[in-house]
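After this come two complexes, each holding chain A, first together with chain B and then together with chain C.
Our next item is the complex of A and B:
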């Protein structure tokens, strides 16, 4: 069975790799968006799905990456790719500064501290106008071709999914899960929970940093309100939850299905699409808190490592 | 850039800060009750506040009802909305991990705000009822702020009377101290949850009514108060309701003073750093825990 899974995975990857040569730009753009959501949902999964610490302001790292990239590209003349890598490093550095004190907070307090971090970053970005253009934001030159971005975004999505697979099959992953199940017991067994939480947090911040950089380059304009919306955090969480948090393929499934749903349904109800999303959140939380994969795993004894 | 800060300005900052703080205290008391009794962070608290504000706005602009009189309508109306939310949705996530309750209340909040926008548009509206200010020496006291402060204090006082003197109020406090023990003592905690949520929603709605006299009314107006209310809960200590009251006053005071020295945007940063430091150093709040 295992080799079959690898063959299917390889087939899908090859298919995705050659896809841009055969389909319209619309599809490629749409695929970039799906990749972006996969990377974001899977990153959130790394900290919150495994350790149970709810990062309720994860878009902060996305925004940090976006602003770092936009500033480097527009003011220092960097190429977008290294600038995005730099965005990832900045996001991870922020995660180090914030995570060191905040990961000691338990339960709802950590969630609110992260929510606050996001609001603070938005306020700071609006305040330091010289760097960030204040409320007007930064405008970059529009991109000419989206193919490079397709491979870049796809690469990041693949990297974070693969990393999650490596983590879930490793001792590191088991230790993270033990923190989620019972932190006190994990500590009593000699697991250095403080350090492990911080590592997971750094990893889960680095990827949104890159993705934010790509996003800035792709949308060629960023401003504080559109770059740090709470709604983006919630979307990552719901995608992850819908597919199944704490699994490898759950966020992939959730991000793909919800993106498609969004494209097909929400776009037609412009005025009430937030209300539809609100109702969807309530439905997911109340009706399927374990997500699709979680339900399947329980019912059909699927392996833990999917 | 630095302006000379005179004694009058300082006094003015303190007074306006305290006036704003009275309102924070009242809105935050509701959120503190929900958090204390059910361990649910009610992200929809700001939305309930918005509904209260619209109630007052419509009663005022359609029927010319005095905004302060409309408290008698907005409190019970939003109380009822709260009861319905608790009865049909929130009760399912009481005792679940915080992710469920955060997401659920966020979903409810998004839904209601969007519906408010569809029904009433996103225009900024205002209730022009009281304007101008009293002059007390060199300090200007804006009339709407002073009157709202008075109403906020009175309502908060009534809420405390309810919590301290009535049997239901005592049951609410008992449940927030020890849920299981309260249940063993014969308190129907489900019913207490329902009343708590209703009361908290009513306080938010009344807060919205009062705020509508001072600031614009629009569908997203309540978002601001969610984080602030949580900060107040942390200042006062979870489950410490008098603490939440003083926490509200302190937050108002801190903001009033910070606005003298810093731009409004940076005062948010200060508030955040304050939150994290208090959570780390004094997780039980600034006051010694008398619940």
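Our next item is the complex of A and C:
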């Protein structure tokens, strides 16, 4: 069965690799959007799904990456790709600074601290006008072709999914789960929970940093409100919960299905599409608190490593 | 002198607000023996274990393990120095399998760790349930799993907090035999237990806490006849 899964995965990857040559720009753009949500939801999963520390401010790392990239491209003349990598490093550095004190907080206190971080960053980029353009934001040269972005975003999504698989099949991953299950017991069993939480937090911040960089390049204009919206964090949480937190493919499933669903509903019900989306989320949380994969895992005794 | 004892507590005190849970408690444990810790409910037994393992920070006094001070260390640092413990209320990782519960606490190479984990599961008769999620095991089985988990860290000093509670007689006999085997391997075992028969049969020396104070210590037969102990349990 395992070889079959790898064959299917290889087939899907080859299909996605050649897809831009056969489909319209609309489909490619939509695929970029799905890749972005996969990367964001899976990144959130790394800290919140595995360790149980629910972050309500993960878009802060996305915004940090976006602004770092935009500043480096517009003011220092960097190419978008290394600038995005630097966005990732900056987001990880921010996670290191913030994570050290904040990961000592438990439950809702951590969630609120992260929410606060996002608001602080949004205020800071609005305040330092000379550097960030303030409320007007930063405008970049529009992209000429979306294909490089398709491969770049797809590569990041693939990388974070693969990393999650490597983590969940390792003892590092088991230790992260043990923190979620009972942090005190994990600590008493010799697990350095503070260090492990910080490692997971750094990894979970680095990918939104790159994605934020790609987003800045793709949208060619960023400003504080559109770059640090709470809705982005909520969407990545919903996608992860819908697919199944603490799994590898749950966020992939959640991001893909909800993006498709949202696109279909948005086109047909322009004024009430968000209400329909909200109702679906309520139904999922009530009926499938462990998400789609969680239900399948329980019913068919599937391994946790899917 | 200190090196002769694997664990030494000197005037350890821990307060919670106005309540003194452990009051100037001193005791010494020699290696390779089984020790008991008894006392009425609320006498500070679990708090003392928490102070030793770093889960609570003592306010006064010294705690030394193999002659080195360990008070002030974080729990994982204490554990890595060679002290393992179980909890009064079971604290396994329910969404990890029985096997994973053991693998997660060791840093040795994977193949060796896997072999050792399977041996320990066999020791506690859980080998056929190795792939079962720990949360699906019965209370007694979870208790045994928790016991196996601390052995996985290969500690020299093992603190067991009420190991017999909720375990049926058959499993209990196996558990008690496993504890005796630990002593024969040179491990030191320190047990909190309310089942007097269990603790009197197992222990070579017993400490008695009352209101956080170490009011008596000695061999089981001496403790059973000690007036202060009888008074602590039954009153005058």
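Quick note on the criterion: the second predicted complex is superposed on the first by the 292 of 306 C-alpha atoms of A that agree within 3 Å, B and C clash if a C-alpha of one lies under 4 Å from a C-alpha of the other, contacts with A are read in each partner's own complex, and residues count from 1 in each chain.
Note that a contact is a pair of C-beta atoms (placed from the backbone, for glycine too) under 8 Å apart; a residue touches a chain by one contact, two chains touch by 3 or more.
Worth saying up front: this structure is predicted, and the values here are computed from it rather than measured.
Novice: Looking at A:282, would you say it contacts chain B, chain C, both, or neither? Reply first, second, both or neither.
Specialist: A:282 contacts chain B only, not chain C.
Novice: Who does A:93 touch here: chain B (first), chain C (second), both, or neither?
Specialist: In the superposed model, A:93 contacts neither chain B nor chain C.
Novice: For A:306, is the partner it touches chain B (first), chain C (second), both, or none of the two (neither)?
Specialist: neither
Novice: If you count the residues of chain A that each partner touches, which comes out higher, chain B or chain C?
Specialist: With both complexes superposed on chain A, more residues of chain A are touched by B.
Novice: After superposition on the shared chain, which partner residues are touched by A:117: those of chain B (first), chain C (second), both, or neither?
Specialist: After superposing on A, A:117 lies in contact with chain B but is clear of chain C.
Novice: Which partner does A:192 reach: the first (chain B), the second (chain C), both, or neither?
Specialist: second
Novice: Between chain B (first) and chain C (second), which does A:181 come into contact with in this model arrangement: first, second, both, or neither?
Specialist: A:181: touches chain C, not chain B.
Novice: Taking the complex as given, what residues does chain C use to touch chain A?
Specialist: These residues of chain C touch chain A: 53, 55, 74-76, 79-80, 84-85, 87, 91-96, 100, 103-105, 110, 149-150, 153.
Novice: Sort out for me which residues of chain A touch chain B in the complex.
Specialist: 48, 52, 54, 56, 101-102, 104-105, 107-109, 111-113, 115-117, 119-120, 123-124, 126-127, 230-231, 234, 237-238, 241, 271-272, 274-275, 277-282, 284-286, 289
Novice: State the interface residues of chain A toward chain C in the complex, per the touch definition above.
Specialist: By the definition above, chain A touches chain C via 171, 174-175, 177-178, 180-182, 184-194, 304.
Novice: Which residues of chain B touch chain A once you look at their complex with the stated criterion?
Specialist: Residues 35, 39, 41, 89, 92-93, 96-100, 102-104, 106-115, 117-118, 227, 230, 234, 263, 265-266, 268-269, 272, 275-276, 279-280, 283.
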